[in-house]
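The two complexes that follow have chain A in common; it is paired with chain B in the first and with chain C in the second.
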Partner chain A sequence: MGALAIKNVTKSFGDTHILKGIDIEIDDGQFLILVGPSGCGKSTLMNIIAGLESPTSGEVHIGDRIVNDVAPKDRDIAMVFQSYALYPTMNVRQNIAFGLETRGVPKKEQEEVINRVAKMLQMDHLLDRKPGQLSGGQRQRVAMGRALARDPILFLFDEPLSNLDAKLRVEMRTEIKQLHHRLKTTIVYVTHDQIEAMTLGDRIAVMKDGVIQQFGSPQDIYERPSNMFVASFIGSPSMNFIECHLAEQNGQIGVSLTSESDARFVPLKDGAKFAKRVGQEVVMGVRPEQLDVAHGDEMALGCKVMLTEPTGPDTMIFTRINGKDVTARVHPRDAKGPGEVMRLALDMGKVVFFDPKTQLRID
Partner chain B sequence: MQSNKLSRFIVYAVLIYFAVYYLLPLYVMLTTSVKTMDEIRGGNLLSFPMHITFAAWSKAWGSACTGVECTGLAPFFWNSVRMVIPAVAISTTLGAINGYILSKWKFPGSELVFALLMYGLYIPFQVLLLPMATTEGWLGIASSTTGLVFVHVVCGIASTTLFFRNFYVGIPDELINAARLDGAGFWRIFWRIVLPMSIPILMVTLIWQFTQIWNDFLFGLVFSAGGSQPITVGLNNLANTSTTVKEYNVDMAAAIIAALPTIFVYVAAGKYFVRGLAAGAVKG
Partner chain C sequence: MIQSTRPAQYGFAERWLPRLVLAPSFLLSLVFIYGFVAWNGYLSFTSSSLLPNYHWVGLHQYERLFANERWWVAVENLFKFGILFIGVSMLVGILLAILLDQKIRQEGALRTIYLYPMALSFIVTGTAWKWMLNPGLGLEKMMHDWGWTSFQFDWLVNPDMSIYTVVIAGIWQSSGFVMALFLAGLRGIDDSIIKAAQIDGATLPRIYWKIILPAMRPVFFSTLMILAHIAIKSFDLVVALTGGGPGFSSDLPATYMYAMAFTRGEMGLGSASAMMMLLTVSAVIVPYLYSELRRGR
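Entry: the complex of A and B
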């Protein structure tokens, strides 16, 4: 049995169904990300794991027991809240000690835990301050310290970085990852930020409308998104969706691509897989980096640059293919200015296809 | 520039006018209370006293007649103190607990309970007099200080609950959840987390309840008898007991004595009062 298993969990308020049958199972020590747009049910699921809300049906297993009827405090979990939820009238030391105190940990042991945690998070100098006297980053640190003091079998992080500024967010993200490497405790982490999801997670559950759209490793989700929602939600800039018509030419199955200045038939890598769909409309999903400058004489499409967006390491090129706005990520050295034509090649081994009706990926 | 100065002048003029308007009665009370009857009879209402004497004050406190007895306000004052302390403490405590439950431990129907409680704010107290008198009779606490405390607690709960509930709505639920995960229960969260955060609203409620209960005349008149009458009733009796002459200086001194505790409470806790009201307004 893994560290956490969620079995067919649903949550409804009357006719409003927040969660519609969630199944997730992760192993000991894994870092699980629940990601999705606001209102997708990820925070509700987190609260159900914590025991702050109870599921309408289904089971939650933590460790080797079913915890549906176990009070939050007895689930052996610790949680870091979005607003940090530090007790404002207590100083940092008292904040960390509170959970130990209610559990009847002796004073001397409390001191040891506080010192250990303070050292681990480098906040010795903050122990006697009140939360109001701390910066956002320091509060975040204290909130994590409070969770660490408990040494639980499961950590829950509820959008812990969303109140920090961009720079601090990146720093704390790295810090959380290091912490996980060191502690090897199972973590469930809720976020709406796909970059946090990709960088931190061992396993990602992408959610929308109370349903898990895809559950898998970050790379898997990035490369083989199960539907168009996942494909567009994960990755920045978003995946390009190019509507095209599957056809057969000279015994090869492929798609016709038209730009403002060029048109070309591009054969698929394993065309045979798509034999049944010849003659149908499909949506081709192309990541911006899969549309790169053609250096050799490979199959390439001349595209007129509409706009460029230099980001430093890469330059984003905006153009049109099959009447859709498309973004390409190229090396700054290769980028041309607006109005000029660039020869762009598709990485046909990596592009994915979706059914325009069901929005599901075609295998 | 010129019009700016003019508008400033008008603003100040209006403000000063109203300040004087409200301070004048206090001035008259204070000066009259330290004048002798001769001076009051002979002089101007607004004139400053020529010889300051506290004779009227000591008479009002210790020997003025309030009906047949001539004991001054002192016994009434202590009656009020004996009534106001438990009444304020109990109604505030219940309000805090009610507010805590109605905002952080909602149960099915808790919104309805809150809505019904709020009716208490709109019920004119006069309609309560007869049923309350009957109830007190059943309980065997009629015409006693305990009975008065009971009435004030019952009638105060609506407003104290409203104050605390609106304040606690502004406390993030995450804080309560964090404490629950930390292993704290209902009472521990209340004592250790919520109550220490409640100082501003506690002050607001204390001042409010103290003022209401101390200044109450209606319940004091109806629900108390000789030995338990509060100071408002004492003041009324003192002012209405006519001997040969009306002693304005004694009346004024008595009125100020009756008002002093509320002034004291407001001055002592007033900065929290304003702060608490503002905090409640922004968060609630």
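Entry: the complex of A and C
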């Protein structure tokens, strides 16, 4: 049995179904990300894991116990909240000590725990301050310290970085990852930020409308999204969807691509897989970095540049293929200005195909 | 300079218009509040009786006041009334606010019901409670009619207890208001603080006692200030409920002042008692204003 298992959990308020049969299982020490747009039910799922809400049906296992009827305090968990949820009238030391006190930890041991946590998060100098005297990043640190003091078997992070400014967010992200490497405790982390999801997670559960769309490793989800929602949600800029017609020419299965200045038939890498679908409409999913400048004489499509967006390391090229706006990520050296034509080549080994009706990936 | 960029002919109006607009109210409050306070202060050092006169007698009226038994009854009543009224209103109000904060159904309706007494004037409250507490008319008679003939509740006509009926009516009127203030404060508390405390293992009473109520300190102080000055200035409630009686057993300083100045022809004595009340209110309000204004800077 893993550290956390969620079995067919549902949650409804009257006729409103928030969660519709969630199944997740992770091993000890894994970093699970629950990611999805707002209203997808990820926070509700988190609250159910924490015991702050109870599921309508299904089971939640933490360690080797079913915890459906166990109070939050007895679940051996610690939680970090988006708003930090520090106790406003207590100083940092008292904030950390509050949970220890409640559980009847002796005074001397409390001191040791506070000092250990303060050292770990480098916040010794903040111990006697009130939350109101701390900056956002420091509050975040204290909230994490309060969770660490508990030494639980499961950490829950509920969008902990959403209230921080961009620079601090990146720093804290790294810090959380380092912390996880050091402590090796199982973590469940809710976020709506796909970059946090990709960078932090061992396992990612992408959610939408109370259903898990895909559950897998970050790389798996990035390269082999199970449907168009996951494909567009993960990755920035998001995946291009090009509607095209699957056809056979000269014994090769491929798609016809048309830009404003060029048209070409592009054969698929392992077209044999798609033999059954020849003659059907499909949606080709192309990541911006899979659409690169053609350097040699490979199969390439001349595309007219509409707009460029330099980001520093890369330049985004906006163009149109098959009547759809498409983004390509190219090296700034190769980028041309608006109005000019660039030869773009598709990495046909990596593109994925979706069924336009079911939106599911076609294998 | 920003002003010099504007056309010169607006200068006069712009400079004088605000002062002109404010002048009447400034003048009125100067005369009718501060002027009359000063006049009253002066009268308290004179031998004024039925009508004001300006015969200076020094501290004579204050000496008479402090030798007057009725005044001390009024002062003692003020303490009894003030402490019980503020304390119990606060307690009941906080309790109601906490109970209403548990995300219950029909909260809006309940809130209005509890807040409504505040919309009544103290005269109405006093009259209604006078009927209810009247032994021959209200609660006692109802109990007798129901067959509990030994039931006795005569506080309204009992000189030792009459001041407590004023307390009861005052609490009924004000606890809803306290509740509204605290409810607003409780709503300002982030929900996740309560969740965090639950995960920390705290029970609900402990969460309120250790985390939420300490965070209500500013609300607590504003409420205290408001109730304290209501208590010290209380007049209409006593007049409507007991009329200061039986005898003068439920007199408060305000009713004492009214009785002396306007019905017993002891204007000097009344002025002196009014000055004592002014000093008491200042003792409560001035430190509060001072701390508030200093924080605002």
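Note that the second predicted complex is superposed on the first by the 363 of 363 C-alpha atoms of A that agree within 3 Å, B and C clash if a C-alpha of one lies under 4 Å from a C-alpha of the other, contacts with A are read in each partner's own complex, and residues count from 1 in each chain.
Methods note: a residue touches a chain if its C-beta (ideal position, glycine included) is under 8 Å from a C-beta of that chain, and two chains touch if they have at least 3 such contacts.
The structure displayed is predicted, hence computed values, not measured ones.
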Simultaneous placement of chain C and chain B on chain A, clash or fit: clash
First (chain B), second (chain C), both or neither touched by A:A50: both
Touching partner for A:R103 - first (chain B), second (chain C), both, neither: both
Chain C-contacting residues of chain A that also contact chain B: 47, 50, 52, 72-73, 77-79, 81-83, 85, 87-90, 98-99, 102-103, 146
Partner chain B, residues of chain A touching it in the complex: 47, 50, 52, 72-73, 77-79, 81-83, 85, 87-90, 98-99, 102-103, 146
Chain A partner contacts - residues on chain B that touch it in the complex: 172, 174-175, 177-184, 188, 192-193, 196-197
Contact set on chain C toward chain A in their complex: 190, 192-193, 195-202, 206, 210-211, 214-215, 217
Parts of chain A lying in touch with chain C, wherever the complex brings them together: 47, 50-52, 72-73, 77-79, 81-83, 85-90, 98-99, 102-103, 146, 158
